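Below: the structure, in structure tokens.
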Amino acid sequence: MRSFAGRDILSLKGFERAEFEHVFQVADELEPIARARRSTDLLAGKTLVTAFYQPSTRTRLAHEAAMHRLGGNVLGFSDAKMTRAGDFYQESIKDTVHMLEYYGDAIVMRHFQQGAPHEAARWASIPVINAGDGWGEHPTQVLTDLYTVRRELGQVDGLTFLCIGDMRMRTMHSIGYALTQFDAEMIAVAPPEMSLTEEFTAELAAQNLDVRQVDHVAEAIGEADVIYMEPVVQADYTASRDERGEQVGTTPENYRVTRELLREAKSDAIVLHSLPRMDELPPDVDDTRHARYWEEAYYGVVMRMALLSLVLGAQER
Amino acid sequence: MRSFAGRDILSLKGFERAEFEHVFQVADELEPIARARRSTDLLAGKTLVTAFYQPSTRTRLAHEAAMHRLGGNVLGFSDAKMTRAGDFYQESIKDTVHMLEYYGDAIVMRHFQQGAPHEAARWASIPVINAGDGWGEHPTQVLTDLYTVRRELGQVDGLTFLCIGDMRMRTMHSIGYALTQFDAEMIAVAPPEMSLTEEFTAELAAQNLDVRQVDHVAEAIGEADVIYMEPVVQADYTASRDERGEQVGTTPENYRVTRELLREAKSDAIVLHSLPRMDELPPDVDDTRHARYWEEAYYGVVMRMALLSLVLGAQER
Amino acid sequence: MRSFAGRDILSLKGFERAEFEHVFQVADELEPIARARRSTDLLAGKTLVTAFYQPSTRTRLAHEAAMHRLGGNVLGFSDAKMTRAGDFYQESIKDTVHMLEYYGDAIVMRHFQQGAPHEAARWASIPVINAGDGWGEHPTQVLTDLYTVRRELGQVDGLTFLCIGDMRMRTMHSIGYALTQFDAEMIAVAPPEMSLTEEFTAELAAQNLDVRQVDHVAEAIGEADVIYMEPVVQADYTASRDERGEQVGTTPENYRVTRELLREAKSDAIVLHSLPRMDELPPDVDDTRHARYWEEAYYGVVMRMALLSLVLGAQER
């Protein structure tokens, strides 16, 4: 297994089983700190640079909270418009990185362009963590999600993941790559125009993950151990809301998980959603035995504690 | 007296006299730290989450400065537009809180909707502090203001508060509730369309605070010990400034406190204003013996030190 | 030499040779901390207040990184729109300062109006650092630049500075004032409408710095030891890009430094640019022996460490 010290976390493609296990183990070791709301000095004197070219709440703050729990500092920007980099200069990633690398010890980057964090990593002398790159990947989110599964259900092997929503979204790419490393099944439910690309399904198949596609959540909910959701954002959604001041474009029922539908689910099936949600996951699901998305938010801090301590070399022994 | 550890600070309605006294006493104990520009480790390892759905400078930064003086950390957002929560998802307070509660040890929230911090407190496992909710309340500001009065004039009992400006504003609600716990008088001066509601005056009267209303500051300035101001913001104020590039809609003289008028004031009367100001308080008042709004800004840090150390349990013995 | 403890850093006009030397020496002492990516507790318990009325990435984050390396804290705002101070209240600098001075131990201010930091310093009880004021000055940037020159070329005396770009920009004013304290030459290349004012050249001449002006970089590049660049921003640049979605208004070749032109430069000439850049400095210059703008970014942190530790009194012995 490659060492994590100094390493970039850009993609889960090629992330190996032993690496997942090691990350999970480090998370297990650090979890009691977060649970007790304590802090340590594991990363004292270390600074994380947040380079968010798109707004984010959960991903950015989970990284910040993780640094604080580990005794480190955070600086950076949370919106491209807040920086000279985002104005009409349209500064290159290379130029931006050859500034940010002097301000801290690791960079966590969200960018609207797929591949931007990879470009950053090409130039940076410090580790770069991909916090979501366009339609690309979202590795730290999916590591969080699988860690949540492991904490809640004991293991990932042997489970069936029912993935619902826009399959072009970055979490769906990352979870596909991740599941190739486990003995797991993946079933996808998405509107036709948002389905998995042939190229991507072929890539997963080549690694022995055959993704079954169904048209309606109801067709497969009884098989699922993990119900893994993303919103189905209609193209005209925002515009419609802005003009009329009310929500339109409700999610078709094929891609919604309701309290009623969950009666067909296995009794210990869990629902994950990286949030925020629209109407694909009604609030009355929160009170069912299946909801685990708030635990997922909590483990989001724990996982970032593990990843940051790893890439910053605090776990080397 | 109820313990403050783990408690929300949402409203001054029902805040009891002994609680005011306890908060003031803790502030007195911590004040020398702020005065000497020192810091302690009272809240070392603790993190405050700032959830500001509306911009703020004073309230947000006074909380941040207080955390730094006490050795703690801060993370969060300072504008709803900077978060996914504020975009077209329009995430519920419940969902947002079930994320933020994992990022720190207390949440301080400003929101454009009255009652939003109360809704947050309903769901949060950690204390929620109301930093201003729409037309609702602004308890930490008014605790600051009364603490300033106590520091500058020795006590609150026996004093007459002349409250000037828009009586629908949140500070006016909080100060009304607060003064019911003291042997104090309240006189209100406001434009008719901005006057105290009958419901609110009845509520105060039921607690033995009879608010006298006058039409012009000049009618009552001679009686005042504390001149307590808020801007009178005309509905068309911003628009007018934007179009013509100059300030219009000056505050009617009934609601202004000028150097000339202050000649009629008691010699030790003090002027408080939570700032920013428009033209209701001309800058030449700054040099009078009455101005205390900069002391008020200073005590804003001290009061937040007291409140944060209290709700985070650092004052339990 | 005046003590730096408690002092404002507003301008390099009147900054004396011994003061430059002292700042450089303190930077030399602190540099190993930044190089090793370590931190100290030299400014533990101290807080820097960032008051950025205009967005900035490099200047703001370099100050924040410097505080973190020295064990201190940072709070503030990074955009006027994020504060009440920047909305329709248009709060005076005086009022804003009589709030910020209670939140920390020094204020670093960028403002779109020339002289705003000077106005702030008039009222503040704590040191104010000018992080760029309109067309005024940018002292911390130019101290960074001269320190970079000293690190890379050994000294400033005896060198020829070829300054290229808009001579009305604040760095050009600061470097002019700075070079009067050294045995250095300054050559300026700028579009006629962006050239040095007669008043400013007269002011420099009175201090024995005669600035030679040439029309094309090529005329003087062979003489330069330091090639000091700023963008030449055309008035219609942004508009053109916005409408057509592509870059127009390319910099005239008179004010560009290309790989080809650098063949005429001295072998140890260095190129500095505070960045971000447009097309006046093509990316293929990055690989030449002359490029030092990334070192300049690094020394930007070191110089702010020196300045902050000086004005906060941590260097008094």
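A, B and C label the chains in the order they appear, each numbered from 1.
The rule is simple: a contact is a pair of C-beta atoms (placed from the backbone, for glycine too) under 8 Å apart; a residue touches a chain by one contact, two chains touch by 3 or more.
Small disclaimer: the values here were computed from a predicted structure and weren't measured.
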By the touch criterion stated at the start, how many steps lie between chain A and chain C on the shortest route? 1
Could you check if the interface between copies chain A and chain B is built from the same residues on both sides, meaning over half shared, or from different ones? different
With chain centres taken as the means of their Cα atoms, state the distance from chain A to chain B in Å. 39
Residues of chain B touching 2+ other chains? none
Which of the residues in chain A end up touching chain B in this complex? 34, 37-39, 55-58, 61-62, 64-65, 68, 74, 78-79, 231, 237-238, 241-242, 275-278, 283, 286, 294, 297-298, 300-301
Which residues of chain A touch chain C in the complex? 44-45, 47, 49, 73, 75-77, 81-85, 87-89, 91-92, 94-96, 98-100, 102-105
